[in-house]
Amino acid sequence: MPPLVDVRNVTVDYRLKAGGVHTVFKELSLTIQQGEFVCVVGETGCGKSTLLKLLLGSEHPTRGTILINGTPVLQPDRDRGYVPQKYSLFPDKTVLQNIAFGPISEASRPFCFLRPQWWRQRKQVYADALQYMRHVGLSDRDARKYPDQISGGMQQRVAIAQSLMLKPKILLMDESFSALDPNTRRAMQRLLRSIWAENKTTIVFVTHNLSEAVYLGTRVLQITQNGKLNCSEVSLDLLVPDYVRDAKGNPRQDEIDRIIREIDLPVAEPATPSEMVEVAS
Amino acid sequence: MLLLTKRFLAFFLISLALSAAASAQQPSFTVAWSIYVGWDPYQYMAKTGLLRKWGAKYGVTIKAQRFDYAPSIDAFTAKNVDACAMTNMEALDLPAASGVDTTAIIVGDYSNGNDALLVRDTNTLGSLASKKVLLVQKTVSEYLLERAYVLNHADDLLRKVKLVNTSDSSIVAAFLNDSSQAGVVTWKPLVSQIRQSKGVTTLFDSSKIPGEILDLLVVRTEVLNRPDGSGQKFAKAITGAWYEMMDEMSGADADKVLSGIAAVSEDTLPSYKEQLSTTKLFYKPSEAYAFTTAPAMKEKLGLVRQFCFSHGLLGANIRSADDLAILYPDGSVQGKGDRVRFRINASYMQLAAKGQL
Amino acid sequence: MFRVFAQPNRQLAWIASWTLFAIGICVYLRTAQVRHIENPEDHIVPTVKQLVTGFVHSASTPAEEDDEGQLGEHPSVWQRIYGSMLWKDTAASGKRFLISIALMFPAVLLGLHMGAFPWIGRFFIKFVLFFDKIIALSVLPILFIAFGIGEFAKIMLIVIGVAPTIILDSFNLTKSVPTEQVIKGFTLGAGDLCVAYHVILPQIWPRVLNSIRLNLKGIVLFLFAGEMIASQDGLAYRIALLQRHMGMDLIIPYVLWTALLLFVVDLTLKVIIRATNPWFREV
């Protein structure tokens, strides 16, 4: 089976204002299989967000290609869901309108409101949206609230529901839980795990918090800075420390959970380099 | 050489101190004037020392200050200046109607073609009906337009003309650039600018109503009647200076003087002369005196007063034109005797005519 | 008393906020009184009685250029007001004002497209920036050539004077919408126009309305300038006419009336912004 995401020999250069070129990725290759939950960790400025933007299609590689489901990425599209850290919801729409936005905008055509069929369709979309809203743990009375009337955790719940409505092939999350308080964050992590377990949606989750990555992901990609403050050389590694592997080398879930308990409360933010666990390839 | 310079410097400083001391004691009067063919001489009089010379003769200091026209009248009404050059119509509807008793001491000229009604693609007053005419409303321009219709016995057609109140600063561009405007009423030098354009003809001008649009020098009556007599001295001085100026303008060196006047108002000699040709300037005080004391004066000023009243320019509390009475040189009063607000005093022109200044 | 953390109590705060009004009115009344002792016919600083008379006169009698007889024999109060000079001028100015406001909306849409679509933005932005710096009043003769001196020219003067500001404002507001929102729109299946009209426009809409609201004064300023240059009716036409013979007893009521109207329009816009954008809490 071909990989869902196929990043081939991608190089990203930024032209600097002061002159010269800053290379973020050099000849980066990477594949992600259907159903994986990949967490990307790394220090601030190392390029983990850039990787996500490449997958989204809002930024383009200088050289190389990125294929999703065999098709080159051109621009953000409906086969990829997106949950950013901030501005994840449309502030002018209610919770329910936000969740329903995808199917509604999909179905909208000029003057579609003239057709009774459209109104039936619309009614159905809102009914579905309500189901999704309940599914991510919001009560019915939140439906008419505006994003700034609900807490940050609630907002991200809505954002996840909103992204899931169109059943994307891959969910791209950029520090989605980083602005939340520890307890909310834990709850959200559990929610995301259960959603992933249920739907088997492929997820790429960018975070600077290693424990979060270890807890959530089936695979953790680390982008190192190679000891320097540039990311010219990138190594992507399967990151599970030795002490959380059993004798056969498989990750031990109980040990991971223990780490999460210890490290995550209180959550250390952002991760400092000493917290990062380097693993030789 | 050094000694000479020193002596000169000392002399200069002393004379400066003396003149400062003298002017500190002397009562001082300010004449407000604005750019207009009949008033431009005031600045020239100040520049060439005529005002200083005549002021010294009567022991007063006279200053000439240039304003825009409307602000000059505002300054006069607000009692910030003592004398002001303005037309008979403005003298009636601004200071006099605001209760500032005003006396005209010099009748300098009358408009003899300076104000004109110009039209495009037509040559009768009747055809202007239901068309637009640009003008600065409630001024001499509207008066001229009304007189044009009255004199042609077409009063009823006047109501049908659509008047567009247009600022004088943009009236030329507005008329020339928008050919849907049928007519314009304005004054020189704007008239000359418009007339150069093709297809524009003069339908009526102020030469057909001679002596109705007068250019005056007015003084506040309370200034003129100051108990110390300085107001009268000022009036004599300024009248004397004015007629000496008139002599120069009509004398042998006229061209030199006229180009000097034109330069002061940033105009050229030909342009200034062209404007003078449609202005009936009274060069001789005897002419001015005769004109002012003639019986026709009352009739013409009466027309202007009636116009001001019927257009509400005399204020809301004036019930009849006679509430703003005019005192004439012969002592007769036009209007209610207890409501004299505007006076015409020909005695200074008379003194000048007799050579007694 | 002058501390940052001072907490003015209610009564004193009320008194404080009206003090300047009281002082202004007192100074005015005193000046009027003094001037009228000196000269009972003074027009420049009319007394309260003159002001009231002036206002009642302007609100109950036809303009001087209109026919007195148009009202009939015994007009009712409403007929009188409807036929009055004040109403005539207000209606004339109001019409121009509302048309100009309506013409601000295409400007908003242009700004939106410039901000959302880079090519449209590049095409217009330099020109609009340049145009924004042109003082419309200084190119009057060009306006006369292009638009004549009728109603159209007056409205164009306002549009040329204010529209660039509105265009730039909605352009900048569009630009300031976070990229996340735009990306989000595309990942949710929206197309280019859908993102522009369903994601960006609703977000900038209340701010754009607010920007129009803040530019009301500019609009009225250009409206008055246009009416003072050449017109046959309107609030500024009347003020310009009256200025010529210092009819302050009518000018002051007209100025206060204009201020009141502007205040009401401002308040109405505020209420509309709040009512139609319940999520927006900045106005």
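To keep things simple, chains are lettered A, B and C as they appear, and every chain counts its residues starting from 1.
Going forward, a contact is a pair of C-beta atoms (placed from the backbone, for glycine too) under 8 Å apart; a residue touches a chain by one contact, two chains touch by 3 or more.
Quick caveat: nothing in here was measured; it's all calculated off a predicted structure.
**Student:** Show me the overlap between the contact partners of chain A and those of chain C.
**Tutor:** none
**Student:** Among the chains, which has its CA centre at the largest distance from chain C's?
**Tutor:** In terms of C-alpha centroids, the chain at the greatest distance from chain C is A.
**Student:** In angstrom, rounded to a whole number, how far apart do the mean CA points of chain A and chain C lie?
**Tutor:** Between these chains, centre-to-centre, one finds 49 Å.
**Student:** Just how far, in Å, is the C-alpha centre of chain B from the one of chain A?
**Tutor:** A distance of 84 Å separates the two centres.
**Student:** At what distance in angstrom does the C-alpha mean of chain C lie from that of chain B?
**Tutor:** 39
**Student:** Quick one: in the complex, what on chain C touches chain A?
**Tutor:** 178-181, 183-190, 194, 198-199, 202-203, 205, 277-281
**Student:** So in the complex, which bits of chain C are touching chain B?
**Tutor:** Chain C residues touching chain B: 39-44, 50, 53-54, 57, 64-65, 140-141, 144-145, 148-150, 228-232, 237, 240-241, 244-247, 249-250.
**Student:** Hey, which residues of chain A end up touching chain C in the complex?
**Tutor:** 56, 58, 75-78, 80-82, 84, 86-88, 90-93, 101-103, 105-106, 108, 146-148, 162-163, 165-166, 168
**Student:** Could you pull out which chain B residues touch chain C in their complex?
**Tutor:** It is residues 70, 74, 77-78, 93-94, 97-100, 134, 136-139, 162-167, 170-171, 173-174, 177-178, 180-181, 311-313, 315-317 of chain B that touch chain C.
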